[in-house]
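The next part holds the structures, each set out as structure tokens.
In the two assemblies presented below, chain A is common to both, partnered first by chain B and then by chain C.
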Partner chain A sequence: MNRVRTFLLASTLAVALPVSADIAVVVSPDSGVTTLTRSEAINIFMGRYRKLPNGDLALPIDQSTLKARFYRALVDKDLAEINSYWARLVFSGEASPPQQSDSAADVRQLITHNANALSYIDSASATDDMRVVLTLGE
Partner chain B sequence: MSRLLLLLHTRLALRTTAIIVLIVALLGGLFLGVAVHLRAANVHKTQQVRLQELITTVERTAQIACFLGDERMAEEVSQGLLSNNIVNAVTIRASDGKVLATGRSGPEFGDTTIPLVVRDVASPFEPDQTVCRMTVEPDQEELDLMVAQASTFIGTALLLQLLGIGVCVTVVVARYVTRPIAELSHRLSELEAETGQKLQAPPGNRDDEIGTLVASVNVMIDNLVESLGQERRLRLEREVEERRYRAIFDNVEAGLFELDGEGLMRSANPAFRRLFGIDPDRNLDAEPIAFTTLAPSYATPGRIVDSGQRPRGHGERDERDESEERSERAGRGGPEKYAERAGDGERAGDGERAGDGERESDGGRKGISGREESGEREEQREYLCEVTHDGTPRWISLLVSPLETGRLQGVAHDVTERKRAAETAAQMAMTDSLTGLGNRRGFEHRLAVMTRHHRLYPDRRHALLMLDFDHFKQINDTYGHQAGDRVLLHAAATLSSLLRQRDYIARLGGDEFVVLLEGCDRRDEVVTLIQRFLHRLATPLALSEGEEARVRLGVSIGISTLGVDTEDPQQAVEFADRAMYAAKRAGRNTWRFYTPEFETT
Partner chain C sequence: MRRLCIARPISRWGRARADDVRAAPARPFGVVWGALRLTGSGLLAWALLSAALTSAAFGQTLGDERLTFSGFGTLAAVHSNQENTDFIRDISQREGAGEGWSGKTDTLLGAQLGYRFTDELDVVVQGLSRYQESGHFEPELSWAFVRYRPDPAVQLRAGRLGWDVYQLADSRYVGYAYNWVRPPVDHFGTLQLTHIDGADVTFTQPVGSDLVRLKLYAGRSDSEIYLTEGLSAEFDVDQVYGGNLDYETGPWRFRVSYTQVHSDVDFRGPVADQIDSIPFANLDANNVLGDVFGFDRITLFSLGALYDRGPVTVQAMVNRSKVTRHDGQIDSGFVSVGYRVERVTPYVMFSKVKTTSTNPDGSDIDQQTYSVGARYDIAANLALKAQFDRIDTQSPGFLWRDTDSDWNGGWSSIFSLGLDFIF
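After this line comes the complex of A and B, so read on.
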């Protein structure tokens, strides 16, 4: 099993290498939040908290191209596990998964237009119109 | 209950089983206690493990529920846990103190000793971060039930084992111990040991302890049979002996009898019965005869001590004196013993039976008794008694000797002939063949009796006359011895006719005579007697039929008186002798009384 896992990791790295490393959690520059801990990030993305540390409502957004890498970096789980997690919570209704976007452009769009929005991008492609509050090393 | 006790008491197998079962039960109880205790501890441990496993099963869901603070999901988890019967209560408490879910399936126990299972639940995404704490309370009832079940199982198993052991021990003991023993006992009871039969060990037991027992029993039987046979042989021998003895007892001429310690006759043979005139059919064992009625003078045999043992004469003891006294009272003239009466044997049958019994045989003189044995401790005694049951008096000697303690054996002999012969012989020995009077020996005998008598009754006087015929030698020389004898016969007859019954006359030898006048102390009586004698003697005597030759006899008489002149009979004889010579000196055919002056002249 470990071997498989190591192999997968290696192949992921091989794919990711050209795109360069880290993933940055970003918010709108208008947001009152300047920095986030990893734990706070987990709580928000995994549906535990609905508010940002400053008290504002949090609106996490998943980016499908980066989703696998992100959750691997954040909670060290693959997508199947994350999906299973959310599927379990569907019936209880207590929490809901982040909103889904298909590309980095959409994410940028959403971030810039919503001060409560919260998402992640490849740290290499980070721009000034969004604030990096947390960088997750892979 | 008592029946059971009786069974236990009488059945080896049951007793053994009961003891073994009791021991096993005690040990089993102990083991059961330990086992239940261990089992309880084990059950607790198992319970803990199971609870932990249960919690692990629901942990992921609980993680999520806690992570999200989702009470509904936490409730689901709680209910899931409670659906297990080993869970009594569940509490899920978030890290911030908020109770997300709590539930209880059974009653609440106040018991705080119940070990609770606690699990800190980590966040599903951050394993180092605790999001809540789950507390699970095990179901004590269920726990107890399990322990009870386990105990029941062990107990049942133990009971079954106990039963099994009991049955097995009973069967084994009954099969291998009780049955051989019972079989042996049965065979032993039917064994005819006399026929040489041996006890057979049950097959399979020949080499073990039961076989050894059988061998020992056989050895014992052998010994018993042998000693039994010996006993039987001895008994047979004894029976033969007894028959032999019985034949002797019944047919022997001598009378045989037995006395018990009280002097009662318990048995007597036919000869003895004939001797004493006892009914032959009389059962002596049932109607014993007192020995004293046969020998009347003696109260018990033990009193009789034969005087033959003692020196005769003046030193005799009182017993003899008593018997003499008794005979005196009975009217006897003198203290004679039968053997001393040779001179007057005709008196023996004069009807004075009371005195007869004491005429015991004097062994020293008669030589017919077993005197040699009398010196021993087990003294043999001899009695002589006179029996006149069939008209003629018989003399019977009874020889009694101890058989064992309290038993005496006696032999009776008819000694009448022997006694008569002895009496005749004694009488002959003491009789002058010519005159039929006493001779010197008879006189000495009488004098000895007199001595005793005088010692007993010193007041009595007795006159002693010594006679010597004058010139008798000339008659002999002139007319011959036959003529002399005729003269002596005449003189003796004349003298005898003048004397009383109890006086004694003896011819000492030649023409010398002696007369003892018993109880005579008056001189005038003596003188009268002498004068009458001289007077009768004065008549001339024809020396032979048809012859003219006649002789006149003269006699010189000396008189001494015992009790006056002297106390010693021998001396009285001497004194009379001297007085007689004094009479001769005085001119013959006269008499002289002894006076002390004779001593001086």
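After this line comes the complex of A and C, so read on.
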């Protein structure tokens, strides 16, 4: 009974609410990359191993307006934890965080100009000039 | 090699703009250098203000998008109930925190300048002001190196580098990076060096979804450690070399490390002077004390494991340092577990250190510490911490200062409050 009730409730919610906004990891359509696993995305954005599946150097870009949602979806951490993580790597001189960008427009421009760049956008705002290689549910 | 074609220079962690680089807001050089020249409270106040004003990301560009400035610091006070001896954070500190409150044990400020020539090549310079060997807060040059990454799998660095002897050792002054007020004294407090002047190379190899990392390094170094307030050992390290092998799988990072330190040790202070001046004995303090402490050749073996997933963090390490003296060794280790609930991360920790040799004497250390504390993230660049340590000392050795001659150990309670920030 409970399961049926949960299902009905879930279905009602699914119909009643707009599609929950997922986060899409995007690259340039010129990039040789068509898909990315979650662990590859973690390696690239967390500075562990910045290589794209096609062998090229990965250039991750953070977008400030979506950053908190992205890292919550990617590694289940908030911005204080992400900064704490980077403080260790930056101040030991081991690695540098992704480049910081202020807006979706900046991200779009950077990505379309560089086949090695990757960033993230709200799934709802995906357009043809960027290729979605991974979708993170929230 | 495939060249990166980015239309304009970009910074790795500064703000990037897709329009004209020159339009980027410039923080005038004069302000930054002026602030760096300030000392003590003025500098701390400036840094705190900076931390409070910056946004969620830390680090800022200085006019040129390739030039970045960032920093870290800790304002902390420690309270000890121990009347027989003084508490220290590590053996570079000449004086400790006596009974009552003290602010100098953990308070520090660091700043970093980075300049990126290309996506493969950059330079980093970092300075640190903390209570150190000189007995003052004089700023020191922590790092100054060139970093070259010809490929994501290879990193080369040359210059002054952090001594990456075991996990977290080269970030042990970056309070914002960990939950504790300070790294466990039993484990990190006996480390002899902070930096090496030399080079390192790191290779990274994916294995399925895991990563294997190998780092090799070599160089020379110098440092001064205090054995008591009246006796210090100056290390002229002509060779330090070693390596780490890391295995990263999911939330786990495992490491094995090995290091060799070869040095000429020069003993200084009133105790050394007294040995030199004993009439007719014709003693040389360096020979006498060198036989006692045997620090001229040290070999370190380490194992470490870090776990970090969602709200849970675990750190566990053991280290064995062998010294030349009478088969002497320093064994230490700790385990710490934290669990984050919203902005608060409570944690517990146990650490232990014990020295052994075939000829035990008063310089031997034997103690263990039980710690409980919490970190509260006020903002994404500011954290408040409180920590309570119960230290069970069987033999204080050189981990305490100004020890009463009739004190051979006992329980101490240390309470610490700290404010850590990054900018």
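Worth a mention:
One rule holds for everything that comes next: the second predicted complex is superposed on the first by the 118 of 138 C-alpha atoms of A that agree within 3 Å, B and C clash if a C-alpha of one lies under 4 Å from a C-alpha of the other, contacts with A are read in each partner's own complex, and residues count from 1 in each chain.
Heads up, the rule we're going with is that a contact is a pair of C-beta atoms (placed from the backbone, for glycine too) under 8 Å apart; a residue touches a chain by one contact, two chains touch by 3 or more.
From a predicted model like this one, the values you see are computed outputs, not experimental measurements.
With the C-alpha superposition on chain A as described, chain C and chain B clash in the combined arrangement.
In the superposition on chain A, A:Asp22 makes contact with neither chain B nor chain C. In the superposed model, more residues of chain A are touched by C than by the other of chain B and chain C.
By the touch criterion stated above, A:Asp102 is placed in contact with chain C alone, chain B being left untouched. Of the two partner chains, both chain B and chain C are touched by A:Ser39. Looking at the shared chain after the overlay, A:Asn114 reaches chain C, while chain B stays out of its contact range. By the touch criterion stated above, A:Arg48 is placed in contact with chain B and with chain C alike. Looking at the shared chain after the overlay, A:Arg88 reaches both chain B and chain C.
In the superposition on chain A, A:Ser64 contacts chain C only, with no contact to chain B.
With both structures placed on the common chain, the touch criterion links A:Glu138 to neither chain B nor chain C. For chain B, the stretch among 8-16, 26-34, 98-106 or 278-286 that collides with chain C in the superposed model is 98-106. In the three-chain superposition model, chain A touches both chain B and chain C at residues 39, 48, 77, 85, 88, 92, 94. By the touch criterion given at the top, residues 37, 39, 43, 48-51, 56-59, 61-62, 64, 67-68, 76-88, 90-94, 96-102, 105-106, 109-110, 113-114, 116-117 of chain A touch chain C in their complex.
Those residues of chain C that touch chain A in the shared complex are 2, 4-7, 10-18, 55-59, 70, 72, 110, 112, 114, 119, 122, 124, 126, 143, 145, 147, 151-153, 157, 161-162, 164, 168, 170-171, 174, 176-178, 204, 206, 209, 211, 248, 309-311, 340, 343, 377, 379-381, 383, 422.
Of all the residues in chain A, the ones that touch chain B in their complex are 39, 42, 46-48, 74-75, 77, 85, 88-89, 92, 94-95. Interface of chain B with chain A (complex): residues 61, 64, 67-70, 72-73, 123-126, 129.
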